[in-house]
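Here come two complexes built around subunit A, the first alongside subunit B, the second alongside subunit C.
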Partner chain A sequence: MSVTYDKIQTTTLGSAQASVTFSAISGSYTDLVLISNVDITSAGASINIRFNSDTGNNYSYITIYGNGIAHATNKATNQNKSYIAAYVAPNTSLETVIVTNIQNYSNTTTNKTLISRSNRASASNSPGAEVLSGLWRNTSAITSITLAADSGNIDTGSTFTLYGIKAE
Partner chain B sequence: MATYTLISSVTVGSGGAANIEFTSIPSTYTDLVLKLSGRSNRSATTEFLSINFNSSASNFSNIYLEATGTTVYSGSFAGYIGSIPAATATANTFGSFEIYIPNYAGSNSKSISSDSVSENNLNLAYSDLIAGLWSQTAAITSVKLVTNNASNFVQYSTAYLYGISNA
Partner chain C sequence: MLNTILGSLSSGLVAAVGDYESIATVTGTGSASSLSFTSIPSDYVHLQIRGINNDTTGYFVSATFNSDTAANYTIHQLYGDGSSIAAFGLANTNYIYAGVAGYSSSSMVAPMIMDILDYKNTNKFKTCRMLTGNDSNGTNTGYIQFNSGLWRSTSAITRIDLKLTGNFSTTATFALYGIKG
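Then we have the complex of A and B:
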C-alpha cells in the first residue's frame, strides 16, 4: 500500500486570461481531482471544460442547484463542451470553490464522466450550492483539460490545482 | 501528514459480477473513500445500487437529492447509494461514484456521503447526492455494492477503496 494523492500541477493566474489548460497529463493515475478557486471578469458566467481539445458535440451534463428556498435542474445533450460550474460570480474577494472528480480518466475503454460540486459564493448573485454531472463521449485517455468562462476572462488570482489519485 | 492510501481494488472481468465487495478492511484508517466506475447489464437505461456493510443490508436509512435534468426528487430509500448506466444506455458509458464513509472504525453509527452520476447523453439519467446512515456501532470490516434488480456489473467496471489517515 502506498500514498496515492499527488499534486500534478497548480496554477495561479497573474493576470486575467481566457482559459487555463493542464496538458501532458500523465496516465499513471486512476482518478483526477481538480480544485478550482475562481472568479471571472464578466457579470457572471459558467466555467466550461473540454478534454483533449475536443470541440465536437460529444459532451452532455445534468445540473442540480439549490439556494435554501428553491431548487432546479437542467440537462443538455450533444454539446461542444461540458461544465464544472454553471455560475461563477465576478467577485475577487469571494471566489467560487469548485471540486471536480474525473474518474477512470486514463483508461481507453470507457467514456469519461465528471462530478463537480461548487458553491455560489456571492451574497448578491444567486448564492447557493450546485452539483454538475458531465459526460464526454470519448474512450481516449484524458491527456489535457481546458477550462474557460463562457463570457469574459478568468480573473487574476484564480487558482487551479490538479491532483492524481494513484491505485497501486 | 494525512494519507490517501489504496486498500484494495476490483476490476470486473468478462463474466460480469453480481456485486462488488471489499472484505477484511483494516481499522487502521480514519475514513474510507470508495470510487466506483460501473455499468450494469440490466435491460434498461439505468440500474440502481445499494450498499451493505458487514454482510448486512439492514439498519440503513438515507435522504437523497436526485435530478434528471427535468425533475428534482428528494426522499428516503434505505440503503440506496446511487445509479449507474445499464444495457440500453449509450455504449461505453459508465457511471461514477464517490462514497465517503467517515469514522468507519468508530463505535458510533456510521454516516455515508455519496455523489454519483449516470449521465449518458440520453433523456433519462440521474445525478444523486445521498446522505446515508448505518445505525450500527460495529466497525465496518466489509463493504458490498449490490444491484437492486439482480443484474450484473459488466466487464471493465472498477472500484477502488481508499483509506484516509489523519495521523
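Then we have the complex of A and C:
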C-alpha cells in the first residue's frame, strides 16, 4: 500500500487579488482536491473556476443550497466558467470553507467534472451550505486551475491548498 | 438541520498526508453490470471510494456490502436538478444509492465520493455518505445529490459491490482508499 494523498501547493493571499492560479499541475495523480478558506471583497459574489485558461462557453453546473430556513437549486449551461461556490461570505473572520473534488483530471478520454461543497458560518452574512456539480466539456488533461470572484477581489488571508490523490 | 448535515460533511474526511492509502481500483469493461472490491483489509478506520461513472442506461449506481442483497439497507437523499429540490428516503431496501448515472455519451461521466465510516467495527451498524452529481450541459437532466446509507449489520465490511441496471462503460472507474485513525 502506497502513501497517496500529497499536498501539491498552498497559496495564501498577502493582498486582495482578482484571481488565483495553480499552474503546471502534474499528471501524476488520479484526483485533485482543492481546499479553500476564502472571503471576498464584494458581498454576494461567487468563486468561479476555469481549467487550462479556457474562457469558451464550455462549462455548466448544477447546485443546491440551504440555510436552515430556505432551500434552492440552480443550473446553467454553456457558461464560460463553472463554480466552486455560488456565494462566499464577505467577512475576513468568518471565511467560507470550500472542498472541491476534481475526479480523474488527467485522463484524456472523458470530459472533466467537479463536485464541490461549501459552508459559510457567519450569522450576519447569509450563512448556509451548498453542494455543486460542475462540468468542463473538454477531454484534455487539466494542467492549470484558475479561481476568481465574479465581482470584487479574493481577500487578503484567503488560503487555497491543492492536493493530489493517486490510486493504485 | 441542513447546515448541521453539510457542516459535518465539509469538516469530514480530509486526511492528513500519509494516513490515506490506495487499496484497489476497478474499471468498467462495457459488458459487466457490477464492479467489486473484495478481500478489503482491516488495516484502516474508514474507507473512501472515489470515482467516475458512465453507463448506457442512465441509471444510478447501487452498493451492497459483504454480498448481502437482503432488505437490510436504508437510504436518505437530498437532491436538486437546477429546477427543483427534494428529499427522499427508503427503509428496508436491498442496496444503497451510491452514485448517479453518467449518461449521454461515454465522455460524460458522473463523479462520486462515498465515505464508509468505521467499516470494521463489529459493535455498530455501518453507515456511509455519498456526494455525487452529473451534468451533461443540459443534454439530460442533471443532478447533484447528497446521500446517506445504513447497512444494518455489525459485520466488518470485507467486500463492496457496485452495481448498475445496465453495464459499466469502459470510462467508468472507481478507486478504494483506506484512511487510518
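By our rule, the second predicted complex is superposed on the first by the 168 of 168 C-alpha atoms of A that agree within 3 Å, B and C clash if a C-alpha of one lies under 4 Å from a C-alpha of the other, contacts with A are read in each partner's own complex, and residues count from 1 in each chain.
Everything that follows uses one rule, which is that contacts are C-beta pairs under 8 Å (C-beta built on N, C-alpha and C of every residue); 3 or more make two chains touch, one makes a residue touch a chain.
In this text, all values refer to a predicted model and were calculated from it rather than measured experimentally.
After superposition onto subunit A, the partners subunit B and subunit C occupy overlapping space and clash. Contacts of A:127 after superposition: subunit C is touched, whereas subunit B is not reached. In the superposition on chain A, A:68 makes contact with subunit C only, not with subunit B. Contacts of A:165 after superposition on the shared chain: both subunit B and subunit C are touched. By the document's definition of touching, both partners, subunit B and subunit C, reach A:5. Looking at the shared chain after the overlay, A:101 reaches both subunit B and subunit C. In the superposition on chain A, contact of A:119 is made with subunit C only, not with subunit B.
Counting the residues of subunit A touched by each of subunit B and subunit C gives the higher count for C.
Judged by the touch definition given at the top, the superposed model places A:139 against both subunit B and subunit C.
Note: residues 1-5, 30-31, 60-64, 66, 71-78, 101, 103-104, 109-111, 113-115, 117, 131, 133-135, 137, 139, 165-168 of subunit A belong to the subunit B contact set and to the subunit C contact set alike, using the contact criterion stated above. Across the complex, subunit A is touched by residues 3-7, 9, 35, 37, 39, 65, 67-72, 90, 92-96, 98, 115-117, 119-123, 125-127, 129, 156, 158, 160, 162 of subunit B.
By the touch rule above, subunit A contacts subunit C in their complex via residues 1-7, 30-31, 33, 35, 60-64, 66-68, 71-78, 97, 99, 101, 103-104, 109-111, 113-115, 117-119, 121, 127-135, 137, 139, 163, 165-168.
Those residues of subunit A lying in contact with subunit B across their complex are 1-5, 30-31, 60-64, 66, 71-78, 101, 103-104, 107, 109-111, 113-115, 117, 131, 133-135, 137, 139, 165-168.
By the touch criterion given at the top, residues 1-3, 5-7, 9-11, 14-15, 17-25, 43, 50-52, 54, 78-85, 106-113, 131-138, 142-144, 146, 171, 173, 175, 177-178 of subunit C touch subunit A in their complex.
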